[in-house]
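See the structures that follow.
The two complexes that follow have chain A in common; it is paired with chain B in the first and with chain C in the second.
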Partner chain A sequence: MSELGRFQDAFAAALAERASAPIAAWLPNGEGDGEAEPAGLAVYRNTIAKGCVDALAANFPTVASLVGDDWFRAAAALFVREHPPTSAALLAYGEAFPDWLDRFPPADDLPYLPAMARLDRMWTTALFAPEAQPLAAEAFALAPDALAAARPRLHPSLAFAWFDSGLPGLWLAAREPEPGEMALTDDPQGVLIARPDDMVHGRLLDAAGFAFLTAARDGASLGEAITAAARANPAADLATLFAALIADGAFSGLDLGDLA
Partner chain B sequence: MNRTPALALAAVFALSAGAAMARDDAKPAKMEMEKCYGIAKAGHNDCKAGAGTSCAGTSKADYQGDAWKKVAKGTCTSIKTPNGTGSLTPKTSM
Partner chain C sequence: MSPTAGLGLKPQHYAEALAAEDAGLWFEVHPENYMAAGGPRLRWLQAVRDRHPLSLHGVGLSLAADADPDPAHLLALKALADRFEPFVISEHLAWSTHRGVHQPDLLPFPRTRAALDRIAGNIGRTQDVLGRTILVENPSLYLPLTGHALDETDFLIDLTRRTGCGLLVDVNNVFVSASNLGYAAETYLDALPAEVIGEIHLAGHGADEGGSSLLIDTHGAPVAEPVWTLYRRLVDRIGPRPTLIERDDDIPAFDVLMAERNRAHGMLAKREPAHV
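Up next, the complex of A and B:
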């Protein structure tokens, strides 16, 4: 390893261990002897901590707005110490944050908080998902039997989930610029998050829509997926459901199979 | 196709109807903002260099505060949960 590489590893160790011993060989005589770390190290450690806390605040904006800046930054600083970033780029930092919040005793009074973090994480994942052109509505102008036999490919940014309570609705409300009074309901809800073009968007998903997307993700044809939706909720407006998913940019391809 | 044929048939027709509905609704050439790397408040993108790129961290304040011990002061105070408004004070154990 090069001298520079050795120094950088030692410097990182000194920051993590809060001690100058790892870098003693590079310090002027006498400065690395004591137990106390040189004051300069604290500045570097703070800079790193602030960068990581800023990244978490940026990647979990709903959590941050719900608990307020002081609480969030203090909790985030603890997380950063336990889970330092593994990549120099912090764009997607915080994968472990939702689970960590789940185990963080001070968050026990905010039982919805880990789910808010998970939904924020889904948003970030959609943002950085691979690019793909969503299928335009014209691509579905097929004979009914050909359309039903076609197997859709879901857009790479598409994420969807089902919750036993109204957490998705709470999350969407909390992301409004002026959320006002919010409510967590007992009604099970789903959520769809996608970035078909340049903007991430999220919306509520009902049981039929969730059944449709689950079937499509598992390789079902459109006909099988829409039947699954009808089974999940016989009263669902299936035409509107399908039209909405097309408008969401949920599909990036259609495998037409033998009937094409 | 013999399984619940009526349901499947109706569902399949809904596909064609939905596709037609989507064509009617399609907006021509939507104006979209350019994708910016970096995520700002409430998930709205802005064009800073990206999460974690701040270089304003040279203050002496150590990031080891204990504000999490205090009551959270964000918008969570206005959340109505099935167990009542908010739940910010420690729950009494049953």
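Up next, the complex of A and C:
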């Protein structure tokens, strides 16, 4: 290996160990002898840690606001040591953070936290998703048979998920600029997150809406997706459900198949 | 690109940057913050670019790594360059990625002849992919290392000769490194040939919160007066160059940053255009 490569291995070890010993061969006489971390090495280490923790705080704002700055930065610093970034584009950093929080003992008292992190991740992913023009209601002005047979393409920013409790409602409330009362209900809830234009928006999704989108994601026609929604909740107002999804910008295309 | 003064573009200032009509105003961004498929950040950058010249100032290519530049990162940079047509693309004489781990900082290395070969190769590969030359910036340094075969200025000059790259001279980094490692900032700046300098950076620094006597390149304060003095001295010698006010932490109102930018702009406007 080249000297440059050996130095970089040694420097990475010195950063991890907070010690001068690994890079002693490149330090002036006397500076690499002791146990203490040289001040300059600490500057690099602190800058790296701040960069990673700041990126996590930006990507998981709800988690950060719920636990407070001190708790968040301490936890994030531990996560960074186990899961350092692998890319210079830190806007996507933290994919492993929700699962890591799930196994983080100090978060045992905050059982809602990993879900908050998953929902933050869905939001951040939607924020940077590819652009696509969402379909307006006019795109669906087709003869009933053609409409039922058409297969919708979901907008590339669209994300949705189902939870066994009211975690999505808690998350949406926590994201309000001035969070009001945040109560966690036991009722299962779905959530829809999309960025059809400039803004990401999120809302609660009921069982029928979740069934509709799940079917559509799996390639169903609109007729099949509506049937799935009605099966999930026979009392659902299907016309309102569909209109709301169009207003969400949930669709970016419609494959008309042979009927086109 | 006429040698005017620009400003680092921050998301909280998008609307004001878009509306600004100051003569010669340009903006600079870190391409890493825009390496996304889509979204409002890219839309804002497009809108600002439609009104103002843009510079892409990379912080993540890791040119001084003992490895080829990450092909995915290079392609993402190339895609941004193709879309936004920056008047300049720059990077740092530093490394940050090693064995697949990215450390978001600009890390030092012993300036050996072998390191010069490796980094010249990395710059060459980058320029081949981009289809244009880049500027390379002097880093801020915090740790005295031994094993240097070349001074930093000689190392940078050799890189320009081998690769055709230019230099981005960060005057604040020169001031900070000179203070931290104990040399004269004026001597450093005087050693750099005018014809290879394509851009100048100005930023603020601060004391080490860890309690050492080191100065830290925080980009979290106004440009310090000794740095302005060094800047004036440099521009007196080499002529005007595109000059950027960088601010990445403790970011004040747009007008406050524009006042610093206008100070640099005024200093540039007093001088004849460069003959290079």
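As a working rule, the second predicted complex is superposed on the first by the 235 of 260 C-alpha atoms of A that agree within 3 Å, B and C clash if a C-alpha of one lies under 4 Å from a C-alpha of the other, contacts with A are read in each partner's own complex, and residues count from 1 in each chain.
Assume contacts are C-beta pairs under 8 Å (C-beta built on N, C-alpha and C of every residue); 3 or more make two chains touch, one makes a residue touch a chain.
Given the structure is predicted, the values throughout are model-derived calculations rather than measurements.
In the superposed model, B is the one of chain B and chain C that contacts more residues of chain A. When both complexes are overlaid on chain A, the residue A:Ala215 reaches neither chain B nor chain C. In the superposition on chain A, contact is made by A:Ala55 with both chain B and chain C.
Of the two partner chains placed by superposition, only chain B is touched by A:Glu138; chain C is not. Of the two partner chains, neither chain B nor chain C is touched by A:Ala159.
When the two structures are aligned on the shared chain, A:Met199 is found in touch with chain B and with chain C. Within the superposed three-chain model, A:Leu127 lies in touch with chain B and with chain C [touch as defined at top]. Shared-chain residue A:Ser87: touches chain C; no touch with chain B. Shared-chain residue A:Thr47: touches chain B and chain C both.
Taken together, the two complexes place residues 42-43, 46-48, 51-52, 55, 85, 89-91, 127, 198-199 of chain A in contact with chain B and also with chain C. Chain B meets chain A in the complex at residues 4, 7-8, 10-23, 25-26, 30, 32-35, 37-43, 45, 50-76, 78-82, 87-91. Per the touch definition, chain C reaches chain A in the complex via residues 32-33, 35-41, 43, 59-62, 64-67, 70, 72-73, 76, 95-105, 107-110, 112, 114-115, 118, 141-147, 180, 208, 210, 212-214, 216. Residues 42-43, 46-55, 58-59, 61-62, 64-75, 77-78, 80, 85, 89-91, 93, 104, 106, 108-113, 120, 123-124, 127, 136-138, 140-142, 144-145, 147-148, 165, 170, 174-177, 179-186, 197-200, 222-223, 226-227, 229-231, 234, 238-243, 246-247 of chain A are the ones touching chain B in the complex. Partner chain C is touched in their complex by these residues of chain A: 1-5, 7-9, 11-12, 15, 25-28, 31, 38-44, 46-48, 51-52, 55, 84-92, 127-131, 156-157, 195, 198-199.
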